[in-house]
Amino acid sequence: MHQVKISSFEGPLDLLLQLIEQEEMDISQISMAHVTEQYLRALEAADDIPADELADFLVIAAKLLLIKSRILLPQLQVEGAEEATELERQLKIFKEYLEASRGIAKIIHKRRFTFGRGKPAMVIEEEFSPPKSLTVATMRELFLGVLRDIEPIIALPKTVMERTVSIAEKIEAIRALILDQAIISFQSVMGSAKSRTDVIISFLAVLELVKQRTVMVTQNVLFQDISIKRLDTPPEA
Amino acid sequence: MLQRKIETLLFLAGRPLTVKKLCELTEAKKTEVHDACELLVKAYEDRKGGLLIQKAGDSYQMVSHPDVRKLAQTYAKEEVSGELTKPSLETLTIVAYRGPVTKAELEQIRGVNCSLILRNLLIRGLVEGTFDKTKATTVYDVTHDFVRFLGLAEVEELPDYVKLHDHETLLKILNDNVQAEEANPETTVD
Amino acid sequence: MLQRKIETLLFLAGRPLTVKKLCELTEAKKTEVHDACELLVKAYEDRKGGLLIQKAGDSYQMVSHPDVRKLAQTYAKEEVSGELTKPSLETLTIVAYRGPVTKAELEQIRGVNCSLILRNLLIRGLVEGTFDKTKATTVYDVTHDFVRFLGLAEVEELPDYVKLHDHETLLKILNDNVQAEEANPETTVD
């Protein structure tokens, strides 16, 4: 079993890139598929991912699963080639800017700071000049406007959580892509699946059961303790 | 190098600097500073740019060229008059309701850097800053002139002052609850 | 003459002035003002004096030269902190190369939600947002404070600026590389 050694990562693309570079591979769909399991394990191990970023990690996880399933199980004829190419391109672009940021860090490190003047040159004299049309009523309105602008920022963690939940829809879309064509193939594939593909297979299997509406899946922490409940309502035809 | 240093200082000061002061800052000898200043005066004259270095008594100052005097006056007037932008009015209002307030607090409330806006409000005599020893930083208040201009005796007479001064939303953003809240996400696939 | 006028205005203001503002004050056309500003930037660089004209986004500012940084910092009494977290630096990099850039584009490149980091950079005055009417959303650019941090005349001087500024160019370069790889494949699955 390959040991994942990732000191710290700042985001899903950062993590993915680190894993690929650790394998000394170029960015490609093959290398992304290669590190999918490591990505999931790193995610599982990292319990300090802020809530507002978890959703973003999940999006990439879902895309990786898609890519891996396309490469490992070509007989399924899974669609989503475009999405796979898109992630590859996204990662390459990210890498370009990550490298550029190191260049900027170097420039800053040279400390060639410049300074401006805080106030106008002395030729300009201070002079009381109030905004002529401003009234106390307007000021009250302005202040209430400022408070309104703050509301969404205070509410940010909550909206992020809602976003995390909406990732379920994303995974649902991928499920549709894969499973609609592949339910039968899966049952045969599952029997022979060994550790290398365990993660993806169990994931897909759960999705399959979900598809059949026989279970409800809940997950409190990403890729941990997935609990599966049998639903009382009979499966749809 | 000394010339470059003096040029920088005269720009940053925006007012006359004495030879003595320039000596202190550049750690150079008086005759050296004097010579460098004279060379600067000459260089600026020859350049025929928009600026000059002027000598007055024992001081030197960077000033606008007389050829563009009219423009300089227009600009000076612009700085202190003209309409205030909405961000400026907002900042002024926050200072009025929430003062004494620090620059950092203002920025936390508005979500943007407020340096230039504050500068403008200070020049216009609408806001004033005083150093708060306890906070070890400058706190801002609206000026008496501005309060009088509004027709009030004191800022506390602003509409809903008590309610808005300590509004819950304001306290939340200032306490920086934004990042503190660790959510426990629950992904439900059904 | 226009150059002289602009030089005067940048000196008097001390703060950044937009091309729009310079047009109003000098009563000149936008392209003329722009060209004159570019000539000024170049002239100040070539002079190697104590000052520079720096460009950030659509505005220009007169600042001290990086060569006299120590003296300028002492005099300006300005705290400059070189400390930026990795995510902040990443975000700044993208804004610097890609600005004006939308939040959606930023998030597309970084793969993570950038609201809080952007707010932080806005408060620190390293990034500023303006509403783009055509795109009907806010676009972000780095500020003069950030350019001052780098000591460059403008962000366009950043390494690989042309390659990384334009999305289409970058895509083309990346695609060309992909095609080169495909012509010479190295296929190894797990």
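Odds and ends about this structure:
As written, the chain order gives the labels A, B and C, with residue 1 at the start of each chain.
We take it that a residue touches a chain if its C-beta (ideal position, glycine included) is under 8 Å from a C-beta of that chain, and two chains touch if they have at least 3 such contacts.
In this text, all values refer to a predicted model and were calculated from it rather than measured experimentally.
Seen from the Cα centre of chain A, the chain whose own Cα centre is farthest off is B.
When each chain is reduced to the mean of its CA atoms, the one lying nearest the mean of all protein CA atoms is C. Centroids of chain A and chain C (each the mean of its C-alpha atoms) stand 28 Å apart.
A straight line joining the Cα centres of chain A and chain B is 41 Å long.
The geometric centre of chain B is 22 Å away from that of chain C, both derived from CA atoms.
Within chain A, contacts with two or more other chains are made by residues 52, 55, 115, 117-121, 123-124, 153, 156, 160. Residue positions of chain B touching 2 or more other chains, listed in rising order: 11-14, 62, 64, 72, 75-76, 79, 111, 115, 119, 178-179. Partner chain A is touched in their complex by these residues of chain B: 11-16, 61-64, 72, 75-76, 79-81, 83-84, 89-90, 92-94, 96-97, 109-111, 115, 119, 122-126, 143, 145-146, 149-152, 158-160, 164, 167, 169-170, 172-173, 177-179, 181-190.
For chain B in complex with chain C, the touching residues are 3-9, 11-14, 25-26, 48-51, 62, 64-65, 67-68, 71-72, 74-76, 78-79, 107-108, 111-113, 115-116, 119, 178-179.
Across the interface of their complex, chain C is touched by residues 10-14, 26, 28, 30, 33-34, 52-53, 55-56, 59-60, 71-72, 89-90, 92-94, 96-98, 100-101, 103-105, 107-121, 123-124, 153, 156, 160, 163, 196 of chain A. Touching chain B in their complex are the following residues of chain A: 50-52, 54-55, 58, 115, 117-131, 134-140, 142-147, 149-151, 153-154, 156-158, 160-161, 164-165, 167-168, 171-172, 206-207, 210, 216-220, 222.
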